[in-house]
Amino acid sequence: MLGASGYAGRELCQLLSEHPVFDLAFATAHERRGERVTVGGRELRYVATDDAPLGDAELVFSALPHGASGVWVHRVVQEGAHAIDLSSDLRPGHSEVSVPYGLTELTRLALPGASLVANPGCYPTATLIALAPLLAEDLIMPGGMVTIDAASGVTGAGNSPKAELLFGEVTENYRAYGVGNDHRHLPEMRAMVTKYGRDLDLIFTPHLLPIARGILATITVPLRHLPDDLLGIWKRHYANEPFVEIVSEPPQLRDVVRRNVVRLSAHAVAHVRTPTILVLAAIDNLMKGAAGQAIQNANVVLGLAETSGLPV
Amino acid sequence: MLGASGYAGRELCQLLSEHPVFDLAFATAHERRGERVTVGGRELRYVATDDAPLGDAELVFSALPHGASGVWVHRVVQEGAHAIDLSSDLRPGHSEVSVPYGLTELTRLALPGASLVANPGCYPTATLIALAPLLAEDLIMPGGMVTIDAASGVTGAGNSPKAELLFGEVTENYRAYGVGNDHRHLPEMRAMVTKYGRDLDLIFTPHLLPIARGILATITVPLRHLPDDLLGIWKRHYANEPFVEIVSEPPQLRDVVRRNVVRLSAHAVAHVRTPTILVLAAIDNLMKGAAGQAIQNANVVLGLAETSGLPV
Amino acid sequence: MLGASGYAGRELCQLLSEHPVFDLAFATAHERRGERVTVGGRELRYVATDDAPLGDAELVFSALPHGASGVWVHRVVQEGAHAIDLSSDLRPGHSEVSVPYGLTELTRLALPGASLVANPGCYPTATLIALAPLLAEDLIMPGGMVTIDAASGVTGAGNSPKAELLFGEVTENYRAYGVGNDHRHLPEMRAMVTKYGRDLDLIFTPHLLPIARGILATITVPLRHLPDDLLGIWKRHYANEPFVEIVSEPPQLRDVVRRNVVRLSAHAVAHVRTPTILVLAAIDNLMKGAAGQAIQNANVVLGLAETSGLPV
Amino acid sequence: MLGASGYAGRELCQLLSEHPVFDLAFATAHERRGERVTVGGRELRYVATDDAPLGDAELVFSALPHGASGVWVHRVVQEGAHAIDLSSDLRPGHSEVSVPYGLTELTRLALPGASLVANPGCYPTATLIALAPLLAEDLIMPGGMVTIDAASGVTGAGNSPKAELLFGEVTENYRAYGVGNDHRHLPEMRAMVTKYGRDLDLIFTPHLLPIARGILATITVPLRHLPDDLLGIWKRHYANEPFVEIVSEPPQLRDVVRRNVVRLSAHAVAHVRTPTILVLAAIDNLMKGAAGQAIQNANVVLGLAETSGLPV
């Protein structure tokens, strides 16, 4: 794998070490090349990105930084291997090139045998799994405003040392970031809304939580009308999905941490004139929001059981 | 003071011990009567509520539980003292009786000499200080939907031992509560919106943060039109307010903890058709959200300097 | 299993759900009888302790409270099943009856086929795995004073609601408890020291950490003399142990959380006249300190592979 | 003040802003020169260290890094101002030059009018205030081993971005550091023991806590004999000290955070042959362990009331 020393890269190495089929061929970490680390009880040695034997692998994961990753996964494909790109470089709304988007539950059919897959962002994963059934059934008020307030643990921001991510700055603190602007994840969400042919405005406000891992999205959605069996919408759509959990109580982050699932609840809002619902979606940003979903996609690309090597 | 052993009660005792004019006459804590505690370097002895010498004080604060407090503050008034009620019993939307509402910056004129003041809830304090200038200037889209996503530290839930508030349950966790339903604080917010004569729908979703103190409200507001100088709205309205801070960057909880302030920013949302803004408001739930504002109100009731004894 | 609703009980149910051989026959939780919970993706229903079909199981774990558990595990044995008692009731130093002590690495030979096993306390597990090689090789200064300063996450104190364990009381705090007195775990440690025939004084001071899980013991030990290869002592003794890790850098709690291991380092102290070393031992109090070790013991009792169903 | 942008520097600026006599003349922060920050409600502008008008101040605090500070405070003195050095450069055991040591309660007499004061380290402050009465009364077993296990919040390690201090690395973690080696603070402690003429060995093991601020030292001390009134030793020695609190229950960090105090308890250890006690000492590392004590020393140097401008 390329870019193995960040939080997502390390999580992926860990998952690979427990996978019944996959075997880690190499792990790059440019700055830390030569260093030995223990992952899942096995020692591995980081190599420089340039020294990665790309052609030795059947499939290569890249968790290289946004901006750098896209070039490398194209090289991987040229070497004849499949590639799963965890960066934003090839995601819808970011790239001219159209590459299969690996939000597995929604785009599964495009994945088997794909040479290149764009692994979704963490916030879009939670948000789009929550919205997809409403988009598919055309239940959202046309032209309506969908408000996505989301909060993430710090591992979503990576492990490069930045003063604002020091323990002393984050503990007992909470703040919004990227407010009102176009966050990197918004084009990705919009692209999917467009793919469903819906006409909506999205407002997305991320926040930083004083926890290590987990994302909760609190999504307010105006509907054409309130259905009788609200939860039934998601239960029907995700009836056979091993990694989507529909619950009646609001999901908690601790219910999803270290698990490759999206956990969802939906609630009608009382005392408002426009029929409106709240959808709450929780994921582990490093699992279903990054490394877990990458494995899920790789499983589908290579024709393995989709749940292979993934904790449920 | 009545009900001195909870988080708000203790904070109030602490502030009273540092106040240049006030002197604590008695402190009740029914379950812990007889116990001695040290507050602000001075020892005090809890008495039973029934043994409180209500008439000995010029002004009595009550941080008794919701439901119990209302009766007691009426007794205080009968004894000839002023009362500040920190419970929800007498707040707008909760009580038939109309009692001056102590959201000081907005209702200051009703307070001097008042015999009884209803101290606002923590969430309404942050929300209403944020919305008031928009309500006053009639800038919000009529019939519009205002979405209030808010997150609070655990001291907002009190210090009675409940399993869901144990450290082991809250650390590395985050969750919404009271979703879609009528939270205790919603009637209070609606009552103020009505008082301004505006016609709006409010959606309020509180969340529990793994921190001790602080509330951040992330408020999405559709406007009639986007003003040129967005922040100017709040700067004008709160020009002379010592306890309101208007900032250009999103406020962080650590900027307000242990201070009696509301810290606010406002941001236009890009790429949506309805002119829409995000207003972010941060407070310390135990200070401006409870004990600090109670002192602020008491200062005004008794004709002292409003900032007397309050950390800015 | 008996007593399934506490932190250790829930961890054990989780481990059982992933075990390749064991199958959970019943789970008691007296106060919560009738309640349904999901553990490891499978729903289970708590029954009252009195309704537990003790004879249906081949082996019964008890995580009932100290004081209550001892009676129940004796009943289990009368019903013809094996029992692993996670309480302190039958541990050395606590009970007149001598029951095999399940500090697996040190007492393995006594376990196969045992009808009753006393699962060790969390602090003694970390401490005794650290001290055992020194005791066995008679390296500690006779009559010497061994100082054990240890710190534990809150799950070690259980999940009954107590005011001092609320998030608001534990966050950003740290304190010692049971200082200078005979902590429940001290007799258990002393009993093992005696078993090795050594003459030592032990000082044990536990502290409460603002984290969910993990114990670090910092142990100061005066030796007869400083050996050349200090770490070699533990490497030799635990050469074939899958659950003991000897490392050269001080172990961190994050290295052991959710793993059934003891992670150890040892360091000579510079500039003191008596040859003295520091031994640092880290465990997850709910895994190697409770549920994980209980599974490990059950595996040995029933003749399964010792590592069966345990995350390394 | 010199070096105003670190945690101790900021705390000191905050305290200066509230001090009834002192007025901040300048604040340097070399890397952030030109930046404006708000401290205690007042805006200040960082200047480069070289541009500091040293001679304009009557007294200069330096919180420059260890190694750089010593040179600068000597320049301050040449300019005719008093200097308080918060770095380790001039502390006992670190410097050839003997400079008054500002552990105020123990060295008060050397401070009035001093041109240069070495402000103590945070760990030595807690430890030496705890040990001083035992040293003064010659109660410790000659040649005895004093074990100091201490734990500190992350602000003790400064606010330079280091990967190991990121929130994601520190939360839910705990570890020892500098184990067995000569920590920077050990010579400072030894120098004071020597000054009292005692012959002891000290073992010091610091740990990193997942909290922002606070230090707890757990000190094991062998005595010549156990006195009848153990706490009385400290009560007598510190009878008139406004910043030392002797308590019967173990001190908690939350009792000292944001306060310029040392809080102490002492406990006889049961069931050991050598008379042995545990002394527990808690401080806020940024207050009594750094900025607060610096103000306390400055007050004494300049002949002000020692408590001037300090929160008790």
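Every chain is named by a letter (A, B, C and D) in the order it is written, and numbering of its residues begins at 1.
In the analysis below, a residue touches a chain if its C-beta (ideal position, glycine included) is under 8 Å from a C-beta of that chain, and two chains touch if they have at least 3 such contacts.
Small disclaimer: the values here were computed from a predicted structure and weren't measured.
Visitor: Chain by chain, through touching neighbours only, how many steps does the shortest route from subunit A to subunit C take?
Guide: 1
Visitor: Name the chain pair with more contacting C-beta pairs, choosing from A-B and A-D.
Guide: Spelling it out, more C-beta pairs touch across A-B than across the other pair.
Visitor: Rounded to a whole Å, what is the gap between the Cα centroids of subunit A and subunit B?
Guide: Centre-to-centre distance between subunit A and subunit B: 38 Å.
Visitor: Let me have the rounded angstrom distance from the C-alpha centre of subunit A over to the C-alpha centre of subunit D, please.
Guide: 46
Visitor: Please list all residues of subunit D that touch 2 or more other chains.
Guide: 153, 169, 171-172, 210-212
Visitor: Using the touch rule from the top, collect the residues of subunit D that touch subunit B in their complex.
Guide: Counting only subunit D, the residues touching subunit B are 41, 171-172, 258, 312.
Visitor: Under the stated contact criterion, what part of subunit C meets subunit D in this complex?
Guide: These residues of subunit C touch subunit D: 143, 145, 147, 149, 151, 153, 169, 171-177, 179-182, 186, 201-203, 205, 207, 209-214, 216, 218, 220, 222, 250-254, 257, 265, 267-274, 276-278, 280.
Visitor: So in the complex, the part of subunit B that touches subunit C is made up of which residues?
Guide: 7, 153-155, 159-163, 165-172, 210-212
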